[in-house]
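Naming follows writing order (A, B, C, D and E), and every chain is counted from residue 1.
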Amino acid sequence: GTDDTPADGPVTVNVLIPDSSSNIVDPAYKVLNPEFTKRTGTSVTFVKSGGDYGAVEERILAARIAGNLPDAAIISSASIRTYVDAKLAQPFDSLMKADTSYDPTTAEPSLLKFGARDGKTYALPLTASWVVMYYNTEIFKKAGLNPDDPPETLTELGAAARKIVDSGAAKHGLAFRLSDDPNMWRLQNVVASGGGSLMNDDESEPTFDDPALLGLVRFLADLAKDGVIAHYDAESMSEAYYRGDVGIVYDASSGARTHAKSANFDYRIAPYPIPDGGRRILSAGGASIVMFTDDPVRQQAVWEAVRELVGPAGGAAYLEEQGGGVLVLDAAANKSKAKEHAELALKPEDVADFAPMVQFPGRSAQEIWTILGEQILAVLQSGKDPATALADAEAAAKPLLP
Amino acid sequence: MNPSVLTPLALPKPPNAVDVSCHNLVKRFPDGTVALDDVTIECPPGGITVLLGPSGCGKTTLLRCVAGLETQTTGTMSIGGRDVSAVDAGLRGVAMVFQNHALYPDKTAEGNLAFPLRMAGVPKRERARRVAAIAELLQIDGLLKRRPGQLSGGQRQRVGIGRALIREPDVLLMDEPFSSLDAELRVEMRAEFLALQRRLGMTTLYVTHDQAEALSLADRMVVLRAGRIEQATSAEEMFRRPATSFVAGFLGGMNLLAGTLDDGTLRVPGHPHGLRLPALPANGSQNLTLGVRPEDLKPGPGGPDDLSFEITTMLTELLGRERLVHGHLGDRRLKVRVHADVPVGERLTVHAAAADLHLFDHDGARLPGAGD
Amino acid sequence: MNSLHTRLPRPHIGLRPPPSALLIPAYTLLFLLIVGPVLVVVTLSLFDYDPLLGAAGFVGMDNFARVLPSDDFRTALVNTAVYMLLTVPVTLTASLLVALGIHSVRFGAALWRSVYFLPVAATLAAMAVAWRWLFYADSGLIDATIGQVLGLRDWLHSTTLALPAVSVVGTWENMGFAIVMFLAGLSAVPPHVMEAARLDGAGPWNRFWHVTWPALGPATVFTLIICTRNALKVFDQVQVMTKGGPINSSTTLSYLLWERGIRFLDIGGGSVITLMLLALILGVTVIQLSAVGRRWERAGTR
Amino acid sequence: MTARTVTRETLTHLALALGGVIILAPFAIMVWTAFVPERLIFTGAGPGDLTLENFRIALREWDWLSAYRTSVVVAVITFVAQLVTCLPAGYVLARHRFRGHGVATWVMLGCLIVPGQVIAIPTYVVISRVGQLDTILALVWPSLTSAFGIFLFRQFILTLPQSIFDAARLDRVSEFGMVWRVVLPNVKPAITAFGIFSVVSSWNDLFWASVVLQSPDNATVPFAVTRFTDPEAGIQYGAQMAAASLAVLPLIIAFLVAQRQFIRGINLSATD
Amino acid sequence: MNPSVLTPLALPKPPNAVDVSCHNLVKRFPDGTVALDDVTIECPPGGITVLLGPSGCGKTTLLRCVAGLETQTTGTMSIGGRDVSAVDAGLRGVAMVFQNHALYPDKTAEGNLAFPLRMAGVPKRERARRVAAIAELLQIDGLLKRRPGQLSGGQRQRVGIGRALIREPDVLLMDEPFSSLDAELRVEMRAEFLALQRRLGMTTLYVTHDQAEALSLADRMVVLRAGRIEQATSAEEMFRRPATSFVAGFLGGMNLLAGTLDDGTLRVPGHPHGLRLPALPANGSQNLTLGVRPEDLKPGPGGPDDLSFEITTMLTELLGRERLVHGHLGDRRLKVRVHADVPVGERLTVHAAAADLHLFDHDGARLPGAGD
């Protein structure tokens, strides 16, 4: 704790939360408890959004219009840029610096980068999850595949998926979430691992003509044509997988708990297959906290809460809640769970390479993602030419940039 | 057969006239009210059976049971010799004029009239013809395009009558069909109805509160009282020889003087002298009720064989040509129909012929005697 | 009679507040709660408003020129119309039949009322999951039955069948509502007129057509207009079942307006769609009222 | 009962049962799933596998008593406020002609068609400006009156016989009394129907509640149902279905109580 | 003042009796029907004005206009000297017995009766007392817990009457209040009503089709015909000297014989000989209508000053003690009231006193002459 106890009673700050995501909010409830308030003089009121990250964003929008933004909010790490661009998110740097008892070096450096823009830290990640491959070993065996030797490249993945379908082991070889995947998380990862990017270097414009992207779309289209791949949205993807109708899914590491509970078959987790010749890059997802208040007293109180969340106590709580399916900012905590991370196909060198997702600039980011998703789906579902589709997406996206 | 209607209208019954009868009908409503209590009626086929009785005695309920709109609690019903106790209302071949008209609120008068014909699959032109005919008969031909809400009470009632008649049903139930019509129209309608009924020979059950109507229409007359049948006979017979004091009082508003018989004199409470009866009942009953109609009491002392007594006049009512004088005899009130005006609060001597006197015993049952 | 002697106070011959005063509470609230906010939205359609930056600029009809010709808008308009045509007639007919059935049975009406009420009460979020399972490709109940007959499969992931799938859910949801309305309407059928019709030889069909149906008029108009409105502004069902997809194939106007106005932070564009949606519903309502509404309503008015 | 009516009754029940199966299917899935262990939800479970575990989770993770309390309070306030405002307005629109009658009717129809999402933000701005966020008032505010209710009552009041209004006017019933003493007792089925929709929609409304609610103590029942969905980790189906079952339970009970009002108690045949 | 009611019941009017009057009332319905056409009526304060007229002539419409339930198209109305043309129905101090009862279907008989008192803020106990009293008066005390749907037609009507009377209003409008009651009860109710009305002195407008009722109640009698006033005067006067042939025909069902006058003889179409009139109208009108009441026609040739002629009988109707004989004279039908039965299809000579003859001109207006 800090030395300076506030003079006149506890300061109460509002933190907007995606309250349907118990994985994210429950540890926060647990850590920011009465004892914390007693110790720091900061009390936190959680403002329920009634849903997930999307609901949080709607609430921020309404509150922004009404002029009563919460003091802080837990948002998807992918959306940080939107609030930074809109100059709503306040930097933590001075608070961090002023807090002598806080040692930034205890933080995972790669994670600390998530909220960094223009040399300032606008957000701190609470959790970071990564994409892994879940596969149904029973289906693998039925298809004559070796569960101990899962596919590592797209070529291998394609072959395995085809084999699953051809052998009749399952209806589909692979499910790949596209349509409602915020910021095209899975797609971004594979493209990045293929050495590509969805944005240019100064992160000002989309680059949908990226060869890695085109390659991936072609790859998916090939599989889709033969029915090897299906289920492009979250619920259908996991439900089909749990039913045993799909052999392989790309899914979040933080879902490991749910998989363990819901899958009534033997499955394994492996690093996700990447384009041939590429290098696996982990563009992380997860939750971050941003601060909106510019009142110094409240900022200080927010910082108290944030520090608790991203510090050892919070870190431990998150890792506990998610069964090791995430990384937290506190490096020491991550170390203590290293074994579980390994089981989730995360190697130590991956941690160093953790990168934030890209986000398009300005307020139309979501629209651009949607355009891209729809164009790719058009390729997969209606056989549109991949290059044309991506060109169309880029053309449609351009006018939406600030 | 109605003995009073001896005109060309009284055609022989068409061969297809059906009989309607109820046996031991009991109707108990869910709240426990017994509206019909063991009613047995035989309606002459092709004739008109008039139901009379005080308000709430069960007339409507009886019609509704016959129609099948109400299910009797016990008892059976037959129409045309067939037991219809469990037959659906629509299949009994019965038409009804409802006390509250029950018109289709969204249909014009024309639509209401044509409805039963449409249901019977009568072709359009034929329908139009018959609607026009019945509307003319009922004098509503100018109103055919109006909806019930735009009609007066009497006009609605006539539409309701027309709707029932237009089908020329086997059995016709009429619940106070002319109650909202003015006297003139009522007489006209009654005559038209009678002509139609005689021509088509539908067996009719007819509820009315109008004595003239009852007497002029009834082939058979039934008086109900609190759900039970009080008397059932021809109109003439019932009027001439009411079986009970209740019927006597109800039909034609007979004056009823209850008293005790003492040596040929009827002692009436509150009256110093008794009434010397010109004829005595056969059996020696002590508690008697003497009945005499207002129109059978005439002013003046009368002859030696007449009953004669004095009343004190209280109030006179104009009835048209005549006046109804209310008076009292001891504690009893009675009414006299006279032609001239009489002063109020004075004494008036009246007399009645022995043949016009009716005697009833303690329980109200007719005693054979004078009037017979 | 003697006991009737105390006289009542005499009424004052005078004027009372007009009956329309009774509208004041409701209409004050309507203006505060709905009309006012709508006017705000209407105004916003003339602005380019960035809610995050808080910057607004008057752009005149630019938003209209941008949104109205767009493919998204056209698709959503067509989808909305198709959705309405798919749901409203089925909902009304089926609900009326069910309500008549429930109304006609002597025993068990309470049971059936409850059964058909359940969908109204259930939370859509949970029902959406159940429906997704029913629509699940090949092994879901719908593919396994209707799908086998019609040769249709995997409705939710088909660009042609997703909208019909959503309309199945919409119909199912609205049926409970319509049944409850019709049941309430059936209690207004004048019983003595029904009896007259029975005696007039009208069979069940004619009794329905000539007595029940006219008496149901106002309830039918209400149900028709509400069901149409529900169909034209359908949002929840789309969001929980398909999120407008696949590829906009089930995006309705209401979904589009949410997506544009809220998710895409395009307040001006969203307002334009709002206006169009309101105009559409109002137009359809006017057409319905003048085509059948007045007539049906009058039939049941007493 | 004749053989004919028995047959007809039986056929009607059969038809209703057939429709009922379709209607109930999703509902049955919900209830069934609530009792199935998470692991078996997708691969099938028999009666022997059923468990209360999902309910245990749903009950543990959520303060149901407080949520029920808030939801009941909101539903009751909403219903009463709507009844109090809509019934008089519906009556006036149905039975009176006055200057502006047409305008009033069209305003009502206009308000009827406005989706809640459209006006949420302006309304939110107002409520937050007056500092009423996170209060019961904020929860009920947009539903204090209802164009739907006005329209519904108008339609049902149209079917009442005009004569009872005539009689009441001569009995010196004020317009206010007309609503509560004459209309109210005669439109009970309509009020029941309206009550069902009013209560159900405020009970199940998550959208507006999620806009204005802040503190967990005020959360309403639907929050409990969405609680088991995570954008990344997925849905806890069993717990969600158990929560949904718990959410709908009070509504079913309330409906069974309200059912009575549907039974025809009024015989309008006494008047034309 | 009703000259025929000269009893203690005819108390002096209470001082608070109000007058009711309508001036040049026109009511045109939206569909164009003109139900009232320039009606001007003055109702004597505290008295009973009886409205008579054929079905659909506008009686109910007039009452509804007075009550304020219908807005007149033009014209004014005043109650108690104040112009109420624009006053709300509830504030006119008017009570009404509706032709169709208009009970509150959801309330019991008791609730219906008590309702106006509740509205007037009468305390509960007082309410109960008055409901019990009026129920007893109307003989519905056993039915207070029933709803209208569970009552018979006559019972409903009585509840409707009670609801209007219980308020003891200044102005009472009664639309055929006793039409569904049996004759006996009707007479009783009429007497009770008259007593109450005389005691409370409420100005009453009363519609009835029952001539006896009209004559016995009317302080003033108004005959309407197709929305216009045909005659308005006292009952006795109207009966004795009907102003038009329409009134004559309507009231008491006078036989009307239209013909042309030819040298003191009325020539009736289809009749070979004419009728030799004992007295001639003052002016020399050529087209005449002769009116004579059925009860004023007596069998037999009569004296030299009497009008005498022969008719052919067609049909007889039993009216109770008397019979109504329908016959024809040339092309005209007429009715005769006789005591004995007469054979049908035969010739019957009848006569009437010169004083009982009424003459009307071509337009139906009374000609001074014989009967006066």
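Assume a residue touches a chain if its C-beta (ideal position, glycine included) is under 8 Å from a C-beta of that chain, and two chains touch if they have at least 3 such contacts.
None of the values given here were measured: they were computed from a predicted structure.
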In terms of CA centroids, furthest away from subunit B sits chain A
Identify the chain pair with more contacting C-beta pairs: A-D or A-C.
-> A-D
Where the centres are mean C-alpha positions, what is the separation of subunit A from subunit E, in Å?
-> 92
Where subunit D and subunit E are represented by their mean Cα positions, the distance between them in whole Å | 56
Residue numbers in subunit A touching 2 or more other chains?
-> 54, 58, 61, 65, 235, 239, 243
Numbers and ranges of subunit D residues touching at least 2 other chains = 161-162, 172, 174, 206, 222, 226, 229, 235, 237, 266-270, 272
Contacts with two or more other chains, residues of subunit B listed in rising order | 88, 100, 102-103, 105, 149
Please give the residue numbers of subunit C that touch subunit A in the complex, ascending.
-> 50-54, 129, 132-133, 136-139, 156-157, 159, 243, 245-248, 259, 262-266
Considering the complex alone, what residue numbers of subunit D touch subunit C?
-> 1, 8-9, 12-13, 15-16, 19-20, 22-27, 29-30, 33, 84-86, 88-89, 91-93, 96, 98, 100-101, 104, 107-115, 117-119, 122-123, 141-142, 144-145, 147-148, 150-152, 154-156, 158-162, 172, 174-176, 179, 189-190, 192-193, 196-197, 200, 203-204, 206, 222, 225-226, 229, 235, 237, 240-241, 243-244, 247-248, 251-252, 255-256, 259, 262, 264, 266-269, 272
Residues of subunit D defined as touching subunit E within the complex | 161, 163-164, 166-174, 177, 181-182, 185-186, 265-272
Residue ranges of subunit C in contact with subunit D within the complex = 11, 16-23, 25-27, 29-30, 33-38, 40-41, 94, 98, 101-102, 104-108, 110, 112-127, 129-131, 133-134, 141, 172, 175-177, 180-181, 183-185, 187-188, 190-192, 215, 217-219, 221-222, 225-226, 229, 232-233, 235, 254, 257-258, 262, 274, 277-278, 281-282, 285, 297, 300-302
In the complex formed with subunit C, which residues of subunit B make contact?
-> 67-69, 88-90, 94-96, 98, 100, 102-107, 115-116, 118-120, 149, 163, 167
